[in-house]
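Below are structures written as structure tokens.
Below are two complexes that have chain A in common, paired first with chain B and then with chain C.
This part shows the complex of A and B:
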């Protein structure tokens, strides 16, 4: 295990930023830290870096307790959401900065800086100052600095958020490859579930200052342990329906009937059913366990797909469908949810495993 | 419409330049011409006044003295204000906002208020009539101003820059001198400019705290009557020369000051 937290928590005045967290990240892999804004991603990263000290608990790196060790003495690199470069230094000097501090000779340093610059397509701009670069180039400079340092731990705190869409897509593809060869443990924070899925590797979901689940990205996505994880890993938000267990089976709100067989081994009567927007279908299927009629509020169309925002009882749901759907607000729409696409949580918001 | 676009700035500049023109005009006249007649330009052009200033030590030493204490003051002010401003911009501590405001209120008191206490104190401890005495007394006004200006510039630098430097392995002193100071160079220029200008034009404390050895130019210049009677031409020449250093400094920092305005600190 490369990076571990033991009983870590961080409190600033009365505000809890990180609640008791135990986590150990796999070494040398790309880890995604996924969670909505204010879920504590940045706080956790700052604790990883040693920029902040935890209120309780400890941080371990490569089997050593590094809690309280100065940032300068840890071999790590960090890239922020803002474009942070040293304004008085050229791109070359910016990338070379960590190596200069390590007192590398010019002949050792130059090839490494040039290689890093080449990987991030900065070679033509080596003599420019950061403020003479575009936003994308500035962030590439910061990434190149993190890359050439040869750090054991690379922290990327939403580095692509301030870039335009095209650049973001391009860098998103490159990033895991760039750092794969360095053998560094990379932690990449993001708010976007599909970014986590694209990046692959491992994902730790966060919600309200807690790491809710950590594992291979696809596993976390398919089998979230609890509702919080499922919510963090769903964009548009997870659709939710409250259920009650009755003698005949399950019953939804407003007497809605579900074709879900009753199972007796779990002694709980109240459940939460979650289904992702692309699992809320507008066409029926033999395996459907749920049929209901919702009211359209808004339809968002993005070229080849549509996001239909619906109201059913007290709930606001989203259905994600292929094709362009022109649906006027107020229209009634038949909706179907299939058994294999449901996530059933108990009253403690824990996943009820393989119930169907 | 086209005429007005050049007319208004012209009128503006004429009004602005009038007193300066008159000063320069007088400096090239003899005292007799100044007192005897009204002339728009020197009829008997003379550089005698300037020659006197550059040859008579009682005159030119005034400039040397002024420049000396102004320089000392600017250096002290910046050396003290840099760490103070860094603390105000980077740390939150008990009463920081009150302290910051209180620092500024120092500037609200007129220098005359402090003339007597400074005079008595410096006399008692033997600092009277030294460069450092004037430089220190001006610090009372310049340090708060410098802290305030620098704090604005420093707060414009994200604290992530500090952290990035630490992560790269910079120690605090390395970061401060190699990265932070260059990053706020414009702010330091602006702060130095304001310290310089205040100290350069301040008359009362400079006059009160000096006697013979370090008499500043402002004091020399304002003794209107000497043994030779009215020397208006000479005084005008001294006044013209007093404007020159300020004009130089403004020329060099004009771009920085624009940046300072953009940051809302000036």
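This part shows the complex of A and C:
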């Protein structure tokens, strides 16, 4: 009872949109598809919906192979980044439209439409046309239509991108709850890692047309299997450092020499060290600390926090710190990272487990 | 203003306008809907569609005049060949049919191009949504394409309405507003009065009325079409 892909791929001319993907989404839960722009989220959704046919592989839903089945005959709903409503229908008619197509009688559909409108706070606007609504209300109408339809699979393709911040926060909170009661499998695509974390549920990270990892959101965030997943699930971007394991410890560019207690026993090889911006501190106090230094390029201040952009050797780093920091560009900074917050990847970009 | 001649010309003008709008608008929308949306076909179709628009009015008239000649013209000969008594210089019905056909040939492309532009501006997500909901192609047309094309369609209608009142060259070249007065539209009549008979007073009055008729029609049409957008 879930949505599954077997060896799925999609190629348009020479361009690979989706590379061999095996994935089995859990039924009736909120799934987040997380990845940067052009990572294949929309392509994958179109395959899920059946709007496109895969080049190879198959799509299974509820134990049935639905690969060749027309979109019209699958029971699914989709909400887009643009606000898609029928321009000359009232809000009520818009929400009711999929039920009308299913040929439900007026008495059957009215309570469902009213309930959906109530959940999405649209009751006062039932007689308005979409162009008389605000952006948020228009998107609520589209969401209500998807909710009311009673689809088994609901695909939400970055539905909150075009809304302003306040509305986005509001809907972000409501969305998982709204669909939780319907029993539908929900797939929500987004580019923002913190959105995935706030939505909870399960997350599949995507990069370059591949699903890199799928699992409970917090697990994927804390224990990314590989560098691609860690990169996709980090905003600001993951800070990276190239290291070489020697007999004494780890050596890096600019004569850097580090001791990494959790990784003392890894074989001699080349590694990539990653640490998240909020783990890069400008004050050190713990024991297992790594000392680095960097040169400030830009400081972004967002009221209560600062994002300090730094340059170290060839790498651009970001330190995410609390408080307002006024740092002039070019200033040298001492930086600290706790070794236990570091992620180590081998030369295949796979995570090296830390020894506890 | 009681002039029967003027009333007749006005009546003919209105009938002509009504006819060409009834033919050109649905036909234009229909062609726009069937035009390809991508590939080399788009360019080919657009060029083909733009061709008639590039031809000067008097050339269109002259072309159709020759094309429709009952004895040597391709169209005239063919129609007579299949049994019609086609002669646009003698029979008012055929004269009308020829003028209307000429205008449709010349100007439907304008409607097509405007509608096509309107259709192209509809995001693909609309079509996907309707596909997912299982809407029929009629429902897609009625609830997505038509409302989304409304603005360009209004412009197309107004342009064709005003242009159709300007019709002069084609019927003039074809057979000078004949046979008799049967294709003497307002503009032709106006020129006959003003320049043929040199009755400048009545001609000036006519042209003022002419102007107000066009203005009134445009206003009524525009208000009707924009009605539910403003309230």
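Just so it is clear, the second predicted complex is superposed on the first by the 341 of 356 C-alpha atoms of A that agree within 3 Å, B and C clash if a C-alpha of one lies under 4 Å from a C-alpha of the other, contacts with A are read in each partner's own complex, and residues count from 1 in each chain.
Following the convention adopted for this analysis, a residue touches a chain if its C-beta (ideal position, glycine included) is under 8 Å from a C-beta of that chain, and two chains touch if they have at least 3 such contacts.
Everything numeric here is computed off the predicted structure, so don't read it as measured data.
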- Fit or clash between chain C and chain B when superposed on chain A: clash
- Message: Per the contact definition in the header, classify A:71: touching chain B only (first), chain C only (second), both, or neither.
- Response: both
- Query: Counting only touches as set out at the top, which of chain B and chain C does A:313 meet: first, second, both, neither?
  - Reply: neither
- Message: For A:38, using the defined touch cut-off, is the partner it touches chain B, chain C, both, or neither? Pick first, second, both or neither.
- Response: neither
- Message: Quick check on my understanding: which residues of chain A belong to both its chain B contact set and its chain C contact set?
- Response: 49, 51, 71-72, 76-78, 80, 82, 84, 86-89, 97-98, 101-102, 149
- Message: Residue numbers of chain A touching chain B in their complex, please.
- Response: 49, 51, 70-72, 76-78, 80, 82, 84, 86-89, 97-98, 101-102, 142, 145, 149
- Over in the complex, which chain C residues touch chain A? Could you list them? 123, 125-126, 128-129, 131-135, 139, 143-144, 147-148, 228-229
- Task: Would you tell me which residues of chain B are touching chain A in their complex?
- Result: 158, 160-161, 163-171, 174, 179, 182-183, 185
- Task: Would you tell me which residues of chain A are touching chain C in their complex?
- Result: 49, 51, 71-73, 76-78, 80, 82, 84, 86-89, 97-98, 101-102, 129, 131, 149
